[in-house]
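Below is one structure; the comments refer to it alone.
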Amino acid sequence: MAGLGIGLIGTGYMGKCHALAWNNVSSIFGDVDRPRLVTLAEVNAELAAKKATELGFAKSTGDWRDLLSDPSIDVISVTTPNAFHAEMAIAALEAGKHVWCEKPMAPALADATRMRDAAARSGKVAVMGYNYIQNPMIRHIRRLIDEGAIGAVNHVRVEMDEDFMADPAQPFYWKSEASSGYGALDDFAVHPLSLLFTLFGHVEVVVTDMVKPYETRPLTEGGSRTVENHDIASVLLRLEGGISAALMANRSAWGRKGRIAVQIFGSAGSILFDQERMNEFQLYQASGRPEEQGFRTILAAPHHKPYDRFIPAPGHGLGFNDLKVIECRELIAAIGGDKAHVIGFDDGLRIERSVHAMAQSFAEQRWVTVG
Amino acid sequence: MAGLGIGLIGTGYMGKCHALAWNNVSSIFGDVDRPRLVTLAEVNAELAAKKATELGFAKSTGDWRDLLSDPSIDVISVTTPNAFHAEMAIAALEAGKHVWCEKPMAPALADATRMRDAAARSGKVAVMGYNYIQNPMIRHIRRLIDEGAIGAVNHVRVEMDEDFMADPAQPFYWKSEASSGYGALDDFAVHPLSLLFTLFGHVEVVVTDMVKPYETRPLTEGGSRTVENHDIASVLLRLEGGISAALMANRSAWGRKGRIAVQIFGSAGSILFDQERMNEFQLYQASGRPEEQGFRTILAAPHHKPYDRFIPAPGHGLGFNDLKVIECRELIAAIGGDKAHVIGFDDGLRIERSVHAMAQSFAEQRWVTVG
Amino acid sequence: MAGLGIGLIGTGYMGKCHALAWNNVSSIFGDVDRPRLVTLAEVNAELAAKKATELGFAKSTGDWRDLLSDPSIDVISVTTPNAFHAEMAIAALEAGKHVWCEKPMAPALADATRMRDAAARSGKVAVMGYNYIQNPMIRHIRRLIDEGAIGAVNHVRVEMDEDFMADPAQPFYWKSEASSGYGALDDFAVHPLSLLFTLFGHVEVVVTDMVKPYETRPLTEGGSRTVENHDIASVLLRLEGGISAALMANRSAWGRKGRIAVQIFGSAGSILFDQERMNEFQLYQASGRPEEQGFRTILAAPHHKPYDRFIPAPGHGLGFNDLKVIECRELIAAIGGDKAHVIGFDDGLRIERSVHAMAQSFAEQRWVTVG
Amino acid sequence: MAGLGIGLIGTGYMGKCHALAWNNVSSIFGDVDRPRLVTLAEVNAELAAKKATELGFAKSTGDWRDLLSDPSIDVISVTTPNAFHAEMAIAALEAGKHVWCEKPMAPALADATRMRDAAARSGKVAVMGYNYIQNPMIRHIRRLIDEGAIGAVNHVRVEMDEDFMADPAQPFYWKSEASSGYGALDDFAVHPLSLLFTLFGHVEVVVTDMVKPYETRPLTEGGSRTVENHDIASVLLRLEGGISAALMANRSAWGRKGRIAVQIFGSAGSILFDQERMNEFQLYQASGRPEEQGFRTILAAPHHKPYDRFIPAPGHGLGFNDLKVIECRELIAAIGGDKAHVIGFDDGLRIERSVHAMAQSFAEQRWVTVG
């Protein structure tokens, strides 16, 4: 039987990642028909053709709207810059295609809301690319929480830190413009929010502090320009069910490269995870003889599904790109009508509303309830 | 020449620690006269006599006021429960003795203020027992910050977590009573505040969230009682000079035993420290070839003064009790009129005002300026 | 231009791995023509057809010899059990195909020698599947050693430990038969030997101890059977150039899942690596101020080539399967006549001669020179 | 009741350590009479007097033989350079004193044997200063092994690495002379041997390799001198009961400061320990659900006796010097006729015979049985 027909818009890193996922999902899982990589769209025909060859697509186009009218295409991957997500995703949904859209939905809340509404109207599957939640370690942590392995969770801390904005000598570029968003809170802090949502549910109230480590940044042409958003954000929050949490995001944290550190405290134990060592997590259970209680470092292994589909031996390690293959498999499940572990446009919108509430809290220097 | 004459009130863990410090400071440092351990005071004569023999004091008494009138006593160590600190410290200062008082100063801000005033009037040395700041690792971190090794610091996170209140089955006892304080914020969170003060200066504004992981705790006699304070506190703060910080304290954090984790981010690097591994810290410097940049784990060594006074070889490790010996040496320096690395009653009071401001912020659900 | 034509024999884990590599090498690297996945061979036509669909091959066959006569096939991947390697690899080379063969070459030294000779005669590229050497961390370590970053290396330790034979209750199976090899030394310890060779050159003299942790193992049908080889091997060795080394292999090491721990000591520094955390290594350089010397934990990043071809951001992590894609790219380079980072049949044979010398050393309880 | 009367010979680091231990053992343990620090002996009267004041001894002497005739002295601590141990320890035993002698016994096996014989004849307690075995973590590990927590032990690895000889620019000094011993094997590798003995029993057969990382070292006066012993030693060994072990010692291992890393593999689990993080160990038990098996990091705590005598709270950390206080308490137990956890001259001699057998194995390039 023929597999799903795929259209891809955009070939930046996430575009490549989607292409790899579509290409590998059948080989890895062995239980889905091999997707047909139909058409790749880029900003011009020449680039599109080059990338189609490289990434294994049959056809290419310089006009993404060509994908909408092609009946052999079932799903469209949207991996363009954030400002284009709303237009493309809505058009794809209205054309009867399923949509796999990179996060976040859109810089403006109104656009994100329109995306959510279009998805609801279409009856098609519309999924956000929150790949960190697909890590078998995260999925196992969720299972442990559901099973009560650490009792009732009462407190959570999440830190997301990288250092791509840490150098004060780095010239001003668009990421420091107000039009690109709030800074650390936006396309950065949505990742830890996706984890908090997956493990515990949505955010209810927040209070935020934000900081500019550098007031200005040099311009490549000489002189300097005032930085318009905040590279560091710290938030106290309450989640559904009353769990208290702290969320800290810092994109100018020297030495941190891909840190998403989670600490979960419950009435019977604790769980720790850090994305920089994505193939392990730590579990403390307050049981057994006290003399031997301690945090256990648990390495990813075949019994942490679906690690087994990638490697039959424990401790050998998945990579970041593998998470996208798992996400792809979940998306296919959703399209097939099965229960899937994904974040749809509905929950994606709620995540983005949290971000806007956090920014409002900082602007007004007070606690804010997420709308 | 005769060393300082010492009086000690209290022989709980901190009393033992003070006694060990007075006993070892000369052997360890070799540059101070051996203190004379004159009189130990306890709640009754019998216990006092037993403990004096055990801890090496020449005399003992069941009435702590006996120490005030003894001219051979120069310094009084106050290691009794917090509620007695004010009365004893003030009496000692008024009797012309130097005072070494365990933290915190007093449950009530008014008492702490009276202690500060008595110290100022007396002209004597009055020092708080904030031993974590004496760790050679912390002292070296301060040196690195002063030297600009990580550039201008812009963000700090401190976590203090233990699990002595983590078990919901643990019966209600005085630590859960409102009269004992706010919970995690009090005699617990003052430790990270002492580190923040030592490294960066005082706290200026705060916003706080606090949580009760367990609404009630069982009574040993059956039934249960409502918990009156909060085992978990999270605070966003701004320090002198505008540094943003987050302070998290959790005394019900399963698996954490003596964690005081500090993360310091600067414009040229970062520093990490965790008291659970007190003989090491981590330094990231954004210099040299990028391919080899990384966090360096630096083990305590003789060049981290005064580690060399304890052990001549690197990597062999100091213990928690050794920090008190260093504090003792600093106290003797202060008494001798030298520059000393200690927290006096003045700065101690400011730390406690921060704590009360944090509690007020939670009560009023708003940002509060420290008075 | 058409890419290389690929034939694959075997679809166990390594077969899947080869298929993924052939499928991804163009998408990942973007600088090679997309290979044509021509024919997959398995033990029968039905399995071959199923796997061909799953893994993306155009044709399938139940007779691997069909690959030899197909002119559209340029390279044959041999991923069958070790006992078949010699026959298949030699036939493929004699049919004018390049060969990519999984390690080790063959259980018998005579067969491995015939493979080496066939490769030499054919003039074709014949490469062993030693994927751990492709890790960007290992490649960067080699660069550092070549640059003299840790001075002259004088001592090395390598440990390879897993626990798949650790359970004494695990029934006897073929891995405990003498006919399968010496135990830990064979298809297991060749991995660390591939690293030693890549970094330092070949082994010259050895002395070995081997142990059976369990003398017998239960039979599934009841009763037990004597174990015929050794799950634990420890070897002292001297490498080319006089470096002393210790090699320890234990396939019954509870808790170790994929440990290949390397410690390299030089006159100016040290390097540490462990495959269980394959996206980092540690570097100590005896330079700069002594107070801040320490092991640096360096996370995999785009400047550690070819990590950048997989992920543009540091600290996000490659997976084990990605190493095979790198190996595939190197193989293509070798076929194109470029300098490639691979272990050919020549060096592969030398590695296997080391293994046999180690076993001889144990049998004769003396130091043995590798022939 | 009066405590034991103490004489101390030598005030280098170990002399200071003994003095601290004698000074603290009563305060820490509370269950022994406070020892009387009677007389300190040094090479001349002036130094002796200065040190006696500093370390708290009542009297001092420039002639160590004065201690022998003093009836108020019960125990003599011998902390002088190794070459003096035999003469002093034997004289003390013959004078009816108990002896606490720093390790190793003596450079020459004949002298060590005479010491053992003198101890046997005297009927007095004669104990070696092997303090690492006193670490509560090591004592708990021994308890776990005895209880069968990791099943039957089948393999052990011990590494002892420091870097005080790592710098090739360090001038030649006595530690590189043949008269000082074999190099890494002697006063260095006896520590891991003390751990192996404590946990598993004595060494039976050995095969050794040794290396000189630097053939010559510079002389301070110019020129250079040939190094006469080996800074690196690697040994394969079999212990009592057939356990196989590997012992690696490197005193030129850049970056290692006080590493004594132990890996213990058993039929039901594994244990890891490293002296550089002396307040923790790791335990893997192959029990419970496989998905959550992992190495547990266990922090030192009051239930790891006698940690509780030092600190009532877990995770706060003992220091290296504290181990000597525990050793002192054990020595007092031995003097009191109680079962004590110490290494007497008998077992000390056996440890030194192992060292000589290792050196012989290297000289003769063959397996050697310990005499």
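When the chains are written out, they are named A, B, C and D in that same order, and each has its own residue count from 1.
The rule is short, and it goes like this: a residue touches a chain if its C-beta (ideal position, glycine included) is under 8 Å from a C-beta of that chain, and two chains touch if they have at least 3 such contacts.
Every value quoted in this text rests on a predicted model; they were computed, and no experiment measured them.
Visitor: More C-beta pairs touching across which pair, A-D or C-D?
Guide: C-D
Visitor: If you average the Cα atoms per chain, which one ends up farthest from chain C?
Guide: Result for the farthest chain: B.
Visitor: Roughly how many whole angstrom separate the Cα centroids of chain A and chain D?
Guide: Result: the chain centres lie 54 Å from each other.
Visitor: Counting in whole Å, what is the centre-to-centre distance of chain C and chain D, each centre being its mean C-alpha position?
Guide: Result: the chain centres lie 41 Å from each other.
Visitor: Would you please write down the residue numbers of chain A that are in contact with two or more other chains?
Guide: In chain A, the residues touching two or more other chains are 256, 293-295, 299, 301.
Visitor: Can you list the chain B residues touching chain C in their complex?
Guide: Chain B residues touching chain C: 140, 144, 149, 280, 282-283, 290-299, 301, 303-304.
Visitor: Quick one: in the complex, what on chain B touches chain A?
Guide: My answer: residues 150-151, 154-155, 157, 159, 163, 166-168, 207-209, 211, 213-214, 232, 234, 236, 238, 244, 246, 248, 250, 252-256, 265-270, 284, 286, 293-295, 365-367.
Visitor: Can you list the chain B residues touching chain D in their complex?
Guide: The touching residues are 13, 16, 19-20, 23-24, 26-28, 30, 34, 53-56, 162, 164, 256-259, 275-279, 299, 301, 310-322.
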